[in-house]
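Both complexes below contain chain A, partnered by chain B and then by chain C.
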Partner chain A sequence: MLTILFDGIAYGMLLFMLACGLAVTLGLMNFVNLAHGAFAMAGGYLTAVLTNRLGVPFLASLPLAFLFAAALGAILEPTLYRRLYRRPHLDQVLFSIGLVFMAIAAVDYFFGAQQQFVRLPAFLKSRFEVGGIGIGAYRLFIIAVCGVLTIALQLTLLHTRFGSRLRAAVDDPRVAAGLGIDVNRIFLSTFAVGSGLAGLGGALGAEILGLDPTFPLKFMLYFLLVVAVGGTTTITGPLLASLLLGVADVAGKYYVPKLGAFIIYCVMIAVLMVRPQGLFARIGAR
Partner chain B sequence: MAASAQPPTPGARMRAWEIAVWLGALAMWFIAPRYAPLFNEIAILALFAVSLDLILGYSGIVSLGHAAFFGTGAYVAALFAKHFLPDPLVGLAVAVFVSTLLGLLTSALVLRGSDLTRLMVTLGVALILYELANRFDNITGGADGLQGVVTGPLFGSFAFDLGGRVAYLYSLTVLFVLFLLARRIVDAPFGYGLRAIRDNPRRAAAIGIPVNARLTAVYTLAAAYAGAAGALLAQTTNFASLDALDFHRSADVLLALVLGGSGWLYGGIVGTVAFKLMHDLFSAWTPQYWQFWIGLVLVVLMLIGRDRVAKLLRRVVIRR
Partner chain C sequence: MKIARYLCLAALCATSLFASLPASAQETVKIGLILPMTGPFASTGRQIETAVKLYMQQKGATVAGKKIELIVKDDGGVADTTRRIAQELVLNDKVAFLAGFGLTPLALATAPIATQAKVPMIVMAAATSAITEQSPFITRTGFTLPQVTQPMAEWAAKNGIKKVVTLVTDYGPGIDAETTFKKVFTAAGGEVLDSLRVPLRNPDFAPFLQKVHDLAPNAVFVFVPSGVGSIFMKQFTERGLDKSGIRLLGTGDVTDDDILNDMGDVALGVVTTFHYSAAHPSAANKSYVEAFGKASNGMRPNFHSLGGYDGMALIYHAVEATKGSTDGEALMNAMKGYTWESPRGPISIDPATREIVQNVYVRKVERANGQLYNVEFQTIPSVKDPGKTAK
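Here is the complex of A and B:
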């Protein structure tokens, strides 16, 4: 029981890492980016290649996965994404689905359709019991890494100059621009960091979520779900939403495996019907 | 939603070029009978695209899960033919009825919320149906698909041949009848009401259009059309599989419609022909990686702006 809760929390933290960049894209620029999972996949594959083919230690490959995905985001944002900010949502959806298709086919071309495995170091493979709870070292590691990053994110958002500019830009980009805040530049850096976090999440999650070319499609709905339920105005909202989703999904798959992801989808529709603006969103925000 | 242009001919009479389009489709039956299965598929997908156009192009509802109704129609038609009655027309009617019902039930879900909520909810509904079809494999055949479906002869006398010639005529006729109906509907005050809602729901409500009732009606109608398309596919191929409910279905039909231009009924047909040609070209060239090029087309199309492409296409087709 508690083991499920623990695994669920690890899973939820992972989802948060993967999805928090999307919250910014949606909240700041009102851009529906279905291709967010592609950045996660990029990070995951980079780690797989580095550890399996080049023999780079797993821990050293994690920051590289972050940097790689962030660089990818920093390249694509000004060249492609920025042109579509003012377009209708349909255009953004089609554009990002196109990117997803391209990413899937490209990864299939270079690495094949089979699932990729990331070689974990021995100390992360162990399992131990604390007070009757079975704890996997790797899941504990995930919780620790994501926890530290979440706190760092929260502190950056609340207590730095960049954070307050970002929050201003999320609340109202036009007024923020009028006050001399370079919204474009803020968005470029946040997009890059968000993509980087997704890449890191993809690298960390390769072991748990499974990594194959269809990754961006398989988890697309999960990312959207985190953002839609959690709202885009804070990072605690998406965090709570991902923890909830992680625990519910792990528990659902454990207790009623026959229904699979069915429960999650039903819960999502119910939540969206009752609170279309998200469970934890501020009323009155966009 | 971006405002799309008005239909070229408000009014019920068919223009010369419209008649030419339909005669051309019919002529294909005589000119290239070898390709009848391909034309059959195009007719079915065109009906599916017209269905999406009703909600997306005319009413501004962005759906990422329109395959839900397509798949429902396919499975219902296949199951009905397998277990109850093989007659295609009765099967079509039953499949349309069931998907209409599903459309009516789920229409409440798309009335509220923003584009994002809508696209997630529609995606969610399609995923739920996919999961259900996958789990209850004793009924649906699961990942192997539903096999052993035999569709009876049309009107009791025209059997579906392997060459797909009867199938194409059947699908084309259904497409034609339903298309005329849709054309009548979007040219009626009802259709103008829908366009008003698409362009500005609040103003539409302010001038007395019952927004929710109209959206419910059109969503249900579109579900019926998509169900009919799915039923046609199941009946003419004697097969129903998870593929009919897959995310790719929803994405492909979106692309086809956008290629041809939304908010214009012929856009669905023109777009489907273009999409299908492109698809065959790419998959003949790189069988495994055609998806990449489809994706590239989408990205480039969006960067250029789909309005511009659609306008160009319309000018070529109509030649005014």
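Here is the complex of A and C:
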């Protein structure tokens, strides 16, 4: 059933958009940032406020959501996150989960606990059939946006000066700094971009996943699944993992609704049994 | 050092116990209101709290010469917390009533405490049928899922709908709704093609809706918790199910008054059965909606708020009838069979099951004065809960 496949891919792409920032901070910067979802939520709420209260068109609000979440990341990285890079992972987990709760309470205070809605323009609400496959315009839009961004990310990481500096800074910050690379600035911008992507994911996902103050907690599990299955050293790993999980989830719920909720966990267990490091792991990394 | 610390703690506990003693003097009747004020179900808590406070403000805080004191506690929607808070309220604060309970598990966790302490427990929101059977001290002022589902199934069967797919969230109330709908609808000659259960923590309805689409029924019957309803509605139209002639039927949770307006036009024309709509055409309701809006910065009251408002009416009646006694059994007896007029219409407490008996209305979402409302067009009077076993 190709419609199912299509929906699965759209869902997977959305997961990827939400989780790839986490893959970057976790894999490249070796920092366990459970508060990642909070940035996604920030992006989502910004879009909701912009489109519903201020009348900004949906498409224009998307880059703003990216910038807003990125700016938030850029402020928090030097003030809060930087001091925890060298701390043990447990400290990082406790710190970031604390941030999540603060974010939830803050959003709850300002916006209330109810679901937020993002009004889509009419052309994204349509639905058409191509060769017997029912395609929702919005899901197609998600696939397109995420696809373009993925390619851009991959190219940046592998083929630009910034990408190689980043990889150098991660491999050995001291040597990199000795070679004149401003490690702090590289980490700052990477963190900001990762947060921005999450914000964009949140803005795109509000329509499909819903948006309320518990968003970061609700989807933390999905982010972690993607990162665990995909491995954290490349962009392609989490991408494939997201697609796999998205398609498995949607197809599982369609064909065996009784087991639907468990399918993705089964997939995760199966993958991790065969490849404990995730689908794509650098051998002997760390 | 450690011992000293423990001693300090013990001393603290002791003083706080003593401190709470004079407060529980005979002149006040305390009500422990336990609600999810934070977390995903906070809107339920807020609705009920506003309604309860509104009632006390309207009717005054003195009944039968006793001062009514309200203690509001937040359980965050976690059953363990609800139980702990209930225990504290009973032991330390000596409350005469436990009230609130936003979700089924929260009410179930507290039931044994109500039984042991003989403290009446008024369930204002949780809607699984079995709750009132857990303790002779439980009564309900909200609704039960079978109660509002049965009329939906009957209405569907009478209005030319032959084949239905049910789609419910996979937890207590959802399963209640599914079973009731199936039973009543098949008994009336309809056919249920498939029963889909959606996990409680479900981010995307796409696969389930696709399944509904492929089964091509006349209608899909839906129960989802109120906040999720909006996501469901959007995806329902996005998938073009409304255009392929599948009607959307549901209990009123899907078109919750609290969020109906934000759903936009996708909600138009949805038929639901429920016990309360903010658009209920009565003078009592009109003034209630207005007063509620004033007390809450323009919020629209939803069905949960009514559970709180009528719960207070029931408590006031019980305290009045027992002349201010705080004896649990006397209070329960006073509540059984009480009949009164609520903003939602006439309601009463069934003396046999301690369950609320109320009118259920068939409604359709329409636009009035630029806002979306559930407009009632048919009334099924005095519906008892059909979910009670062997009744």
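General observations
One rule holds in what follows: the second predicted complex is superposed on the first by the 270 of 286 C-alpha atoms of A that agree within 3 Å, B and C clash if a C-alpha of one lies under 4 Å from a C-alpha of the other, contacts with A are read in each partner's own complex, and residues count from 1 in each chain.
Definition applied: a contact is a pair of C-beta atoms (placed from the backbone, for glycine too) under 8 Å apart; a residue touches a chain by one contact, two chains touch by 3 or more.
Predicted, not measured: the structure shown is a model, and the values here were computed from it.
Legend: residue contacts after superposition of the two complexes on their common chain; A:Q114 is shown touching chain C, with no touch to chain B. By the touch criterion defined above, A:A248 reaches neither chain B nor chain C. Judged by the touch definition given at the top, the superposed model places A:V49 against neither chain B nor chain C. Looking at the shared chain after the overlay, A:L26 reaches chain B, while chain C stays out of its contact range. Residue contacts after overlaying the shared chain place A:K258 against chain B and chain C alike. In the superposition on chain A, A:D91 makes contact with chain B only, not with chain C. Of the two partner chains placed by superposition, only chain B is touched by A:M102; chain C is not. When both complexes are overlaid on chain A, the residue A:C266 reaches chain B alone and has no touch with chain C. In the superposition on chain A, chain A positions 105, 108, 258, 260-261 are in contact with chain B in one complex as well as with chain C in the other.
Residues 1-2, 56, 62, 64, 109, 112-117, 119-121, 123-125, 127-128, 131-132, 134-135, 247, 251, 254-255, 258, 288-292, 294-299, 301-303, 306 of chain B are the ones touching chain A in the complex.
Looking at the complex, you find that chain C touches chain A at residues 38-43, 46, 170, 196-199, 201-204, 206-208, 210-211, 213, 227-228, 230-231, 234-235, 237-240, 258-259, 262-264.
The touching residues of chain A, counted against chain B in their complex, run 26, 32, 80, 83-84, 87-95, 97-106, 108-109, 217, 221, 224-225, 228, 258-262, 265-266, 268-269, 272-273, 276. Contact residues of chain A toward chain C in the complex are 1, 3-4, 7, 11, 105, 108, 112-117, 119, 125, 127, 134, 136, 138, 207-210, 212-214, 218-219, 222, 249-254, 257-258, 260-261.
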